[in-house]
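Next come two complexes, and both contain chain A; in the first it sits with chain B, in the second with chain C.
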Partner chain A sequence: MNNESAFSHLHPLTLMLWFSFILCATVLTTNPAIALLSLFAASLHRALTVGVKPRQVALMAVFMLAVTLLNPLFSHHGVTVLFFLGGLPITREALLFGAFMSVLCAAAVLWCSSLSLCMTSDKVIYLFGRPFPKLAVLLSLTLRLIPLFLSEYKRMMEVRKACGLYDSSSLFGRARSSLTVFSALVTMILEDSVDTADSMRSRGVELKGRTAYSEYRFRRGDLLTAAVTAAALVFVVLSGAGGYLGFSFYPSVTELPLNSAAVASYIFFGAAALVPSITEVSLWRRLNLTACASDIPTAKNTL
Partner chain B sequence: MTKKKLLTELFTVLIVIPLLVGVGSFVFYDRRYMLVSAAIAVVSCLLFFLAFEGREGGTKRLVILSAMTALSVVGRFIFAPIPFFKPVTAIVVICGIHLGCEAGFLCGSLSAFLSNFLFMQGPWTPFQMFIWGMIGFAAGLLSKPLQKSRAFLILFGVLSGVVYSAFMDIWTTVWFDGTFITSRYLAALAAALPVTAIYAVSNVAFLLVLSRPVGEKLERIRKKYGL
Partner chain C sequence: MKRILFAAAALLAAAALVFALNYESVEEHYSSGCSDAQTGTVTLLVSCEEIANDSGVGQVLKANDLVPDDGLIIPETEVAISDGDTAFDVLSNALNERRIHFDYSAISDRSVYVKGINNIYEYDCGDLSGWMYSVNGDFPTVSSSEYTLHDGDSLRWLYTCDLGRDVGDNYYAAQGEKHE
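After this line comes the complex of A and B, so read on.
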């Protein structure tokens, strides 16, 4: 939870546009080049923000291997039969398609982890606030209540323990003691929520024209990201619709399209997919440079 | 009036979802299962959210609903060390029984959405939101018999565990490579049997323990403040 990403400082709208484009393109594509680019960019961003954790890498590798090997067991399309397993044909195409799918799944999972890193709950509430004002109130109230309940639960539990009213002799006793506290918590919560509602009402929550507090601004970085994303979107969608990105595994594997429209799509998609990593790296370089720049005058002053 | 609104909601769901299935399978031929099912989950959640926006609901109901949602998220959080043994479904069902279908759906779907900020958001979030919401909705529809009969409550707890698991396995199957293969679905179902059993047992246990005290408290609040 302590991991921060420079990319997450962009405007929520930009983030939503970018993530929906990348996730949709990743899940929808049938082109291995786009899938590999997506996986590469996703792993790069994860490595830059969370870091490389050997256990997670191993898990991901096992998952990808499992997807690759399981597909030919269930799918018997394809013309190149490698061997027969219990009377069922195992084909080269199904194996390759499994590998392709494993790349897509891994990329999507990694992008989703970046998504939950960047799209924090406050940004979601900001985005939901305009089309769903009531829902936004509900969401932000609930988010406030969760830590409150947890701390109240702990407090009540400590008091019960201090009074010697906590039965820790058996699992059943512990469960019953926790349940007593839970029951008290529910009563307190429900009574309190009516008070909260009254005070919200008296402050005009039911009036029209409520505004929301937000500190997001559409900056230059947002404009750049949005422009790159839009360009990639246009290229990928147009080339995809025109059939320039076509690639199929069944009945036999076709050649990777390398016409000019396809190459342009790869470049733009790659550029868009690399935006978070570039933002990350450029932020650190900028911070580093300004640190150096501020060092120079002090060095001069001392001379 | 609420009956009428309920009917229009159901009608929209019955029109929009077949339309999505039709268009989706026509446009996205090879990835249709994944996309169409995701679209259905998202759209049905959005429909409920829109209905909630249009409702003339008091702030008190809103805050009580948010308290119930927070309670189920906290429940999922407190029981995080015991895998799959969670009180979320039980609290969603209680919320549906005592506060109505719409509140049940919102409590379920928002619990899934918010608790995934603590666990992890992923492509499964819309599906979890949908199925937990639907369990809450069903509890709201069956509110009378669920309050009357203990046996029916137990049956509902078991069924909601099984339905939740079976529905999420559809997601697992389809997510795998975008197509639905029956043999793979059956394999996933069989692999998930122990988890399904834990879901069912935990639902029943939490429902039996919580439904009466929490229900009484909710009814008391309703009487005391005239909701």
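After this line comes the complex of A and C, so read on.
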């Protein structure tokens, strides 16, 4: 992915705090206002970083519609019966709960796409390298292996094709040609990992007191983001634990809580959820750019 | 073109599903009573007294006016049965007649499990809660849709909060003694 996000320039610790808060708060509070705020902020950040792709929007809409419509087929709970299907009641409550679940799922999926955009593997290693060094190395190696595997496969396949060694006449021929490449690929990957292990050892990976260079610094933006996140965390957790955010769909849909604790939670949650988008826009302002981030020339576009 | 065809196929499949599942409006569903020849009568009672009598459970249900004060969703009444009617048939006919919501799931071709009556569901009053039925005081160990009733039987549908122990089923109590 060549898309960059201004938000990803924050310190890994801030990012981890922010993402874990947003994901947990979205998924764990059964409150439609928080779910909708989360979905809105997630879509906004996605639109600002990756851009709006009609195909993806359509796919998401179909997914949300499917979740909405499938829930009443399996859950017949609820006091407002709309009609009967196969002798069982289809209720408005189940339909609304399906809609709520679809918003929740869509928000979670979008936040996870932002997470993979911002939390690159170097940041993961920076965060977990000290407490779990073995796990971090393992993660970074395996995570690197998959893209490496794919790109090498593609490269080998192209070479084979250019040499006229790819039999595309039949399914069997295709399978045999791909298998040849696959076998070479496995050999290559095994050799590569032995090489990696050797070079890591020669650089003293297992030595005690070895330090790693990192360019992350906790700046003013991090402090601001962390403060907003912490405030939202406190408000949402306290109001949630106190039952001020309570909302239930069954047996009948309750009213949206609008007490002062709930409203404060909505405001702080909304503010925290909008931090990445605000960071994004404020960076453009500073750079005097009005175009979408995806129009900014990246390594791929300039090559 | 391919996409339009795909969308049309999906729409058709959805329509076929709805058709196969037998769509009925609320009015249609409740007015379609069965009129089989009557061969006898049984007494029926549907009760959630265990919730009504315990102020500590089912707060949400009570707030929604789903639990009657005396706990009787259907007070003891005599209902007509036809040949081969099961405990489940009698319950569903009586509830449909009174337009009371209920929910069940099919376990196999013949067995069904009653999940909720009058929007009072299993697990609403703890992990050991749900609907049970008794015939003449005994708690059968088969699904209600496999238990055929006879003239003069007394059928009771009871909501338990303690795996049957609080409504008079001593199946688990007896099991407990066996283990001791």
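One rule holds in what follows: the second predicted complex is superposed on the first by the 220 of 303 C-alpha atoms of A that agree within 3 Å, B and C clash if a C-alpha of one lies under 4 Å from a C-alpha of the other, contacts with A are read in each partner's own complex, and residues count from 1 in each chain.
Going forward, a residue touches a chain if its C-beta (ideal position, glycine included) is under 8 Å from a C-beta of that chain, and two chains touch if they have at least 3 such contacts.
This one's a predicted model, so the numbers in the text were calculated from it and none came from an experiment.
Residue contacts after overlaying the shared chain place A:P251 against chain C, while chain B stays out of touching range.
Shared-chain residue A:L135: touches chain B; no touch with chain C. In the superposition on chain A, A:L85 makes contact with chain C only, not with chain B. Look at A:S183: by the touch rule set out above, it reaches chain B but stays clear of chain C.
Among chain B and chain C, the chain that touches a larger number of residues in chain A is B.
Of the two partner chains, chain C is the only one that A:H76 touches; chain B does not reach it.
Within the complex, the chain C residues that touch chain A are 18, 21-26, 28-29, 60-61, 64, 66, 101, 103-104, 116, 119, 121.
Contact residues on chain B toward chain A in their complex (touch as defined above): 28, 30-31, 34-35, 49-50, 52-53, 57-60, 62-67, 69-71, 73-74, 77-78, 106, 110, 114, 116-117, 120-123, 175-178, 181, 183-184, 209, 213-214, 217-218, 221, 225. Contacts from chain A toward chain C in the complex involve residues 76-79, 81-89, 248, 250-252. Per the touch definition, chain A reaches chain B in the complex via residues 27-28, 30, 67, 70-71, 74-75, 97-98, 101, 105, 108-109, 112-113, 115-116, 119-121, 132-135, 137-139, 141-143, 145-146, 148-150, 153, 179, 183, 186-187, 189-194, 196-198, 200-201, 205-206.
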